[in-house]
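Got a structure for you, questions after.
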Amino acid sequence: MQDGPAAWLARRISFGLLTLFLLSVVVFAGGQLLPGDVGRAILGPLADPRAVAALDRQLGADRPAVMQYLDWVLGILHGNLGQSLEFRAPVSPFILGALAHSLRLAAVALVMVVPLSIGAGVLAALRRGTLIDRVISLAGLSLTVIPEFVTSILVILLFGVWLRWLPISATWRAGTGLLGQLDHLILPAIPLVVVLFGYIARMARAGTVEALEADYTRTAILKGLSGAVVIRRHVLRNALLPTITVIAAQTSYLVGGLVVVESLFRYQGIGSLILAAAHARDFPMLEAGVLSVGAMTIAVTLLADALTAFLTPAPVPGEGG
Amino acid sequence: MRNPFPLIDPVRRRQGPRENQLIGEFIAGQIGRRGFLRRGSALGLGWPLLAAIAGAIDPLGTLPARAATGKAGTTIRVGSPMPAGAIDPVTVGDAGGLLMLQQVGEFLVFDQPNLRLAPMLATAWKPNHDGSVWTFTLRKGVTFHSGGMMTAKDVVATIERLADPRNASNALSVFKGVLSPGNIEKIDDYTVAFHLDAPHGNFPYYLSSDNYNAIILPADYKGDFEKTWDGTGPFQIEKYTSKVGASFIANANWWGGRVLPARTEFSFFAGQQPQVLALEGGDLDVISQIVVQGAEGLLTDRRMSIIRLEAAIHRQVHMRCDIPPFNDQRVRRALALTLDRPAIIQGLFRGLADLGNDSPFAPVYPSANRDVPQRRKNIAEAKALMQAAGSRGFPVTLTTEHLLEMPDYAVLIQNAAREIGIDVRLKVEPPAAYYGSAAFGKSDWLDSPFGMTDYGHRGVPDVLLTAPLTTHGTWNAAHFRNPEYDRLVAEFVAEVALDSQRRIAARIEQLLLTETPIIFAYFYDYLTATRKGVTGVAPTANGELYLQSASAG
Amino acid sequence: MSREVIAAGVVPEEAPQPSRWRLLRRSGGFRAGAAIVGFWALAALFGPMLVPWNPFATDPLHALAPPSAAHWFGTDQLGRDIFSRVIAGSRDILTIAPLATLLGTIVGSALGLAGGTLGGAFDFVLGRIIEVLVSLPLIVVALLALVAFGASPATTIVLIGLVFAPLVARTVRAAVLGEIALDYVAAAELCGESRLAIMFVEILPNVLGPVLVEATVRLGYAVFAVASLSFLGFGPGPPSPDWGLAIAENYGVIAGGYWWTVSFDAAATASLVVGVNLLAEALHQALAS
Amino acid sequence: MSAALAIENLSVAYRARGEEREVLRGVSFAVPAGGAYGLVGESGSGKSTLALAALRLLPGAGRLTGGRVRIDGREPYVLDAGGLRRLRAHDVSMVFQNPARALNPSLTIGRQVAEAYEVLGWRRAEAEERAVAMLERVRIAAAARVMASYPRQLSGGMQQRVLLAMALAKDPLLLVLDEPTTGLDATVEAELIDLIAALRGELGTAHVLISHNLGVVARLCRRVGVLYAGRLVEEGPAAALLADPRHPYTLGLLQSLPSPGRRKDQGRLATIPGFPPPPGRPTEGCVFAARCVLADQRCRTEPPAAVDLGGRVSLCHYVERIPPLAHGTIRGVAFAPVGRAPTPAVIEAVRLSKTYRVGRRAVRALSDVSFTLGPGETLGLVGESGSGKTTLARLLLGLVAPDIGGEIRLDGVPLAALAANRGAAERKALRIVLQDPDSALNRAHTVRHLIGRVLRLAGLQGAARKRRLAELLAAVRLEPRHLAERPRQLSGGLKQRVAIARAFAGEPRVVICDEPTSALDLSVQAAILNLLADLQRDHGTSTIFISHDLSVVRFLADRIAVLYRGCLMEIGPAEQVFAGPHHPYTEALLSAAGMPGERRAPVRVASTLQGTREDGVTGCVFHARCPRRLGSLCKTVAPPVVEADGHAIRCHIPRGELGLAASPD
């Protein structure tokens, strides 16, 4: 926060916008390399070439690519995300719907994993060197790297097919209450919890160990404060700060990276939407999907940095020298 | 419902020409069940014989008349493929899209599972002397969901819309060279005449449920089907969410009588695996179509029941006849002889398929000829042919799509070909990349010397005979040019009478066995899976699902 | 002894620190990780020759047979021996993942070194590229590229490598900035050493520790990504015995009781990634101490 | 009244990588109620472990292997958790070396100090009132503002005062101070020492002070114990022990201190050969035998018994042979005094200034400094942290460019501002030896590469290079076997020798030494100072010796310059600067750096709250803290520079009235 919070915020936001623009150009360039064309993608392989040409003309997919990109950018400036070629309908309802789905699943996963992993991390630190510490560290370490589809299949089999406790497909029937929706989201959230548990627990443990061994904790103990007060007032506050950044760093994965889980649990998240749009060469949908994930990640990272900076005010400029 | 004809053929051998003529017309659906019974008895055929033939050929009778047996008012939960893009009767071309249309829309004629036509929105249809003009009489008292009555002007407008090239209709490839825009004549409010470009014996199939774009829409349809969902069928739209699912409610004033279930719910799936798990997990009652490969679990699961429909779904393994290494027909025949077809059927489909005899005439087609000897695995003959052709084996790349069981079938071909020295390398691509722009020179499908392509079920073999094999066929991946073959196919297509169709079929099958441009190893059954206790679910081999008499008990 | 000599007196050395390599070898995690990864590496190299059945031979009549004496892991839908395929299946993942990581680490380190030492515009651009890539999930980037360029081992390697490069660069850049703050860099500059010499002779040796740790961590992620990509159908095509592909083809069947078609491939994938991660963790501990 | 702290036969060991390493063995001493006991020892002697052991604060790996500790009769190792907590809440306190890390960064000072009172039972409001009172008692100005600020907003001195307040809140029986003032500026250290002494008088708390600085211990403690390699080698009344040591190690320590007036031309410093042993090395016999002048076979095999000398104890077989050693003159080659006339100056700095931009504010690190350096001459540069001495060094080396108007001339020829733009010869002429050898030497390279590279860059090849390398090794007293080793394998002293060898490798004209010895142990420091003096004599190199330690500068420097907040306060021949007249700031520095045995009237500067920098001040930068301030004159008018035979002073006060040093004894 070298030159005051307002300037810092402005700088970070401008960087964010620049990155988003860069992102849209990269996606536009990438989009051109997709094989086949929209008309063929909709009408199917055996459709009559004349029909394909007519459909391309109708959708305007036959215009030069740069024109399509410029129109799309103009649209963005007027706040409309453009028209999906494949569904011939405005893109925004699809994107918002998919984003809402992804955020809901991400929220459920976070609500399950954050307290669990931070609790485990702090416990492991408080009991460092003992068996429980090794078990938590090893579990965190190995679970984190197991690909989601391995855990998902295990979870589907165990809870969905054999025990039948929870529904397998994560898409709830229209009109089910919040609790009903939650019921559908627990199974797909489990693989995410398994992946994220390791990251957060390890960071929480490292932070707590560092705080426990810090001099200011020794000062607190020497004041004769009780163990609980020392932990609560001095250790935890400094220990859990870095975990905020770690959790924020998982945003792009949590929001857009769950293509595997979405396909297994039949859940229409933003990741699958982007992949489908790529297959169908639905350029506006693809661009809007990628940018929404990008914007979401930048926003959350910005928020996390601001929160961290707020909790530990940076040194006053002009110190030392 | 196995192949009905073995039962009938011995009977027919004992009948005279006129009786056979009648049976042929009844089989070809040119006369209704009651007409057959009436004229058959007039010809002196005994009542028990007539009933047996009628029962074998048309067990369902006209669909609606079936007695509904299950519990009323239930909700049927169906797993179906994800529709590709917007639901639009004119452009739809994928299984997911057609299933949605078919829930609300109806066709003039219904192509039953036994490939027999039954009246739907048209009560009767008859050709003129040479089959170049077909006249349809429409059913009275049919209302659209939006309230209007269905009359000839709606039918004319609908078919006109499909035949017009400016409308990017998927049905263009069906009507090409058959029906041109402007030749549809409204005789009166309930009669329509179709003037064809050339005589077609099987034209009614082109307006049947076989051609999924041909659901009848109101004349004033403006192209916004996803908002109106306006059809005449037993169900009306309740809610549609693209990429997620759809739900329909019973249509109280459906012309076909009572609709048993209160609601039906469709959930869209990107692949078969999640659907199988959902059915096992109790989230679904029905899966519209499953393929044996990957769903073996359902076949042996006591809690599930499988509906099997014999069908003409098959894989065409083409070998380009115009360039080496397959320009010599002896090499092509040698390769065809390496395949152990019964073992392939057992391995890939658990036996749920018919043997293919390297021609489009699937056993399910009434016009297919039984007498042509079935090709079997014969390595000795194959090696002899290779010797005769002066070839000691060669490397070649088999290009195919990553779709259902095709990659595994390619692996089986790879191992079989190795027995006569042909070293096959596999190139498996996503379907979109395999088809490319679906034009010669710009598509792996049409350019590769050795390729495998998936073909869906069709009510009649006509399109399968013309498009992939005739000299100017648009799908002629094998680059097969044989004037003799072209002449025979033109003759077959024009023929109305079933018996003459079967005579021509025999000569076509014989020609293709010698030339073997394309290997047809199997025609696998169309399978629908349901939970035990779910009754009245009526699928058809081209992907439709009639649920008006279904109940989730 | 004159005081002069005493003053210069022989000096007792500090107890030499136990070499990091011996420290590493003693840690349990390293031994376990090395055993697992070693096994799979051997399987990848010599597997196809040693396995009881030809992984590609099909036997449709004995498809989906349960584990038996003949077929230890049972057979798959085409009657192929699953045990042989699991052993042979390690070859794909163990060629693509390490090569991708190698590419990513080399390019990443070079970028990180340059970014850290040059600073200014280059560093700014590098920072923005890193931000773009971090804001996009790895899987989505991979899928988009594979859809565009068509899935082949080469594209996968280049793709994962280039996606990892900026992430490696970020770590290396941080380490380089740490080194630049030390005086020996200024001392080198004063002695007139060239910028390149400073980067590669002075700084690089001290940054190799973090690079090595980052590389092993990236290897874990690479294996994770390659397995996921082949599960989604973008890995090697049939008839490859690749684990992700086998799981994708068979997981629908296990509900019907054919559990063996998926469990051994899944166990193999899980064991490999855990093994690699144990190595990374042990290395990290050894270098950090 | 039982002793505030009684330690009998205490032994402590650490578990590291499987083996058990003993750090303390058989330490016994007692501190009466209200007493003041000093513990002296170098790094690795175990003094901090002793303090932590006394309060049962040993880290996880540490373990008490023998002996008993009693605080006011109660035994911390016997008390249960509640008892221990009560002991800490009411009777015992400790203050550590690094104040910044001992305060919780995310809580305000007020919260942390009030907390100490809340433990005693006061309610929040009452506790805060008492906290403010205690802050004022430790002489913190604007206590209310400090209560609301965060720890890192305070200077080192301020932070230590807050910790002291926290420690004394409970009015403890025993206060343990572990290196409380190390790392602080001399003037700040002096103020803190006075404060601690005053508080002990007022509160009657027993103090145990741990330090490696004999001066500080002499000023505060009545009794002193000397620790070496985990054993109390000597113990007794402070004054007697420091004046008349009865153990070779204590004697060696005192002799290696550049005592007042000692100068390089009067002969080399006495050094204790070798280096302090790393903690936990098992030794039979006397621990000091390896480095002791008197050591013989008996010392190396038979551990010495404690010899009682009446109120004093010494752990040595030959106690009686120490006094004669103390009075013998130390032979050694004296340094020929350098020719006074610095004709033509090697280095000439003209009006050097440097302004750093920090965010929106400009901080003037150096303003208008000019001086000359003759061939073979040593210029001592003295100043506290923030005085700009390091900035000056970086300017000379060309690592940083001076503000416009400043210029550096080598042999009369102006040098380019940045090293990059200077010629190879010019770059070779200036070399630097830095404070922390770990940072200055690339830890990945061997010693051969570190030194050899400079030679290669200087153009020496093949045989010439090998010969030069051997010469340099001998010059810095390194063995050829060290060539193959990496910095990680060498001790602090050895590493600094390598750095020095590298600096002298290219035959530089000027070597700048920036605090070369402040990171080293006392006994090792002397050897390095002798080495620098030798090299300078042998190579005729001019040196600029930067340090905050006046005694070290006095030993080496021919001329001394005093810097304060970027301004040159005083410059002149070493003797004249030490004798006086002094600039008020120099006077305060000299008084703060009081040597053991030197009586000097305490002159203290007023302490100001860090961060109240008055930039752009027109008058003297020292006016805010100057005890001899002439009202508003110093604040507004820039002081003139008055020069008399080479000794210039920048001050308004006429030379006659400036302070003079007391007669050196």
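As written, the chain order gives the labels A, B, C and D, with residue 1 at the start of each chain.
The working rule: contacts are C-beta pairs under 8 Å (C-beta built on N, C-alpha and C of every residue); 3 or more make two chains touch, one makes a residue touch a chain.
Quantities reported herein were computed from a predicted structural model and do not represent experimental measurements.
J.: By CA centroid distance, what chain is farthest from chain B?
T.: D
J.: Chain B to chain D: how many Å between their CA centres?
T.: Roughly 94 Å separates the two chain centres.
J.: Mind checking the centre-to-centre distance between chain B and chain C? Centres are C-alpha means, answer in whole Å.
T.: 50
J.: Could you please state the distance in Å, as a whole number, between where the Cα atoms of chain A are centred and where those of chain C are centred?
T.: Inter-chain centre distance comes to 23 Å.
J.: Two-or-more-chain contact residues of chain A, please, as numbers and ranges.
T.: Touching at least two other chains: 35, 161, 263, 279.
J.: Check each residue of chain B and list the ones that touch at least two other chains.
T.: 274, 277, 280-281, 430, 433
J.: For the protein chains shown, what form does their contact graph take: line, ring, star, complete or other?
T.: If you draw each chain as a dot and join those that touch, the picture is no line, ring, star or complete graph.
J.: Enumerate the contact residues on chain D facing chain A in the complex.
T.: Within the complex, chain D touches chain A at residues 55, 57, 59-60, 85-90, 92-94, 96, 98, 101-107, 112, 115-116, 119, 150, 152-153, 163, 166, 170, 356, 358-361, 363, 365, 385-386, 611, 613.
J.: What residues on chain C touch chain B, complex-wise?
T.: 56-58, 60-61, 63-64, 77-79, 150, 233, 237-239, 248-258
J.: Would you mind writing out the residues of chain B in touch with chain C in their complex?
T.: Within the complex, chain B contacts chain C at residues 272-274, 276-277, 280-281, 293-301, 343-344, 346-348, 402, 407-408, 410-412, 414-415, 426-430, 433.
J.: Quick check on the complex: what are the chain C residues that touch chain A?
T.: Going by the criterion above, the answer is residues 128-129, 131-132, 134-140, 143-145, 147-150, 220-221, 223-224, 227-228, 231-232, 244, 247-248, 251, 254-255, 259, 262, 266, 269-270, 273-274, 276-278, 281.
J.: Per the contact definition, I'd like the list of chain A residues that touch chain D in the complex.
T.: So the residues of chain A in touch with chain D come to 2-3, 129, 213-216, 218-226, 233-234, 237-238, 241, 311-313, 315-321.
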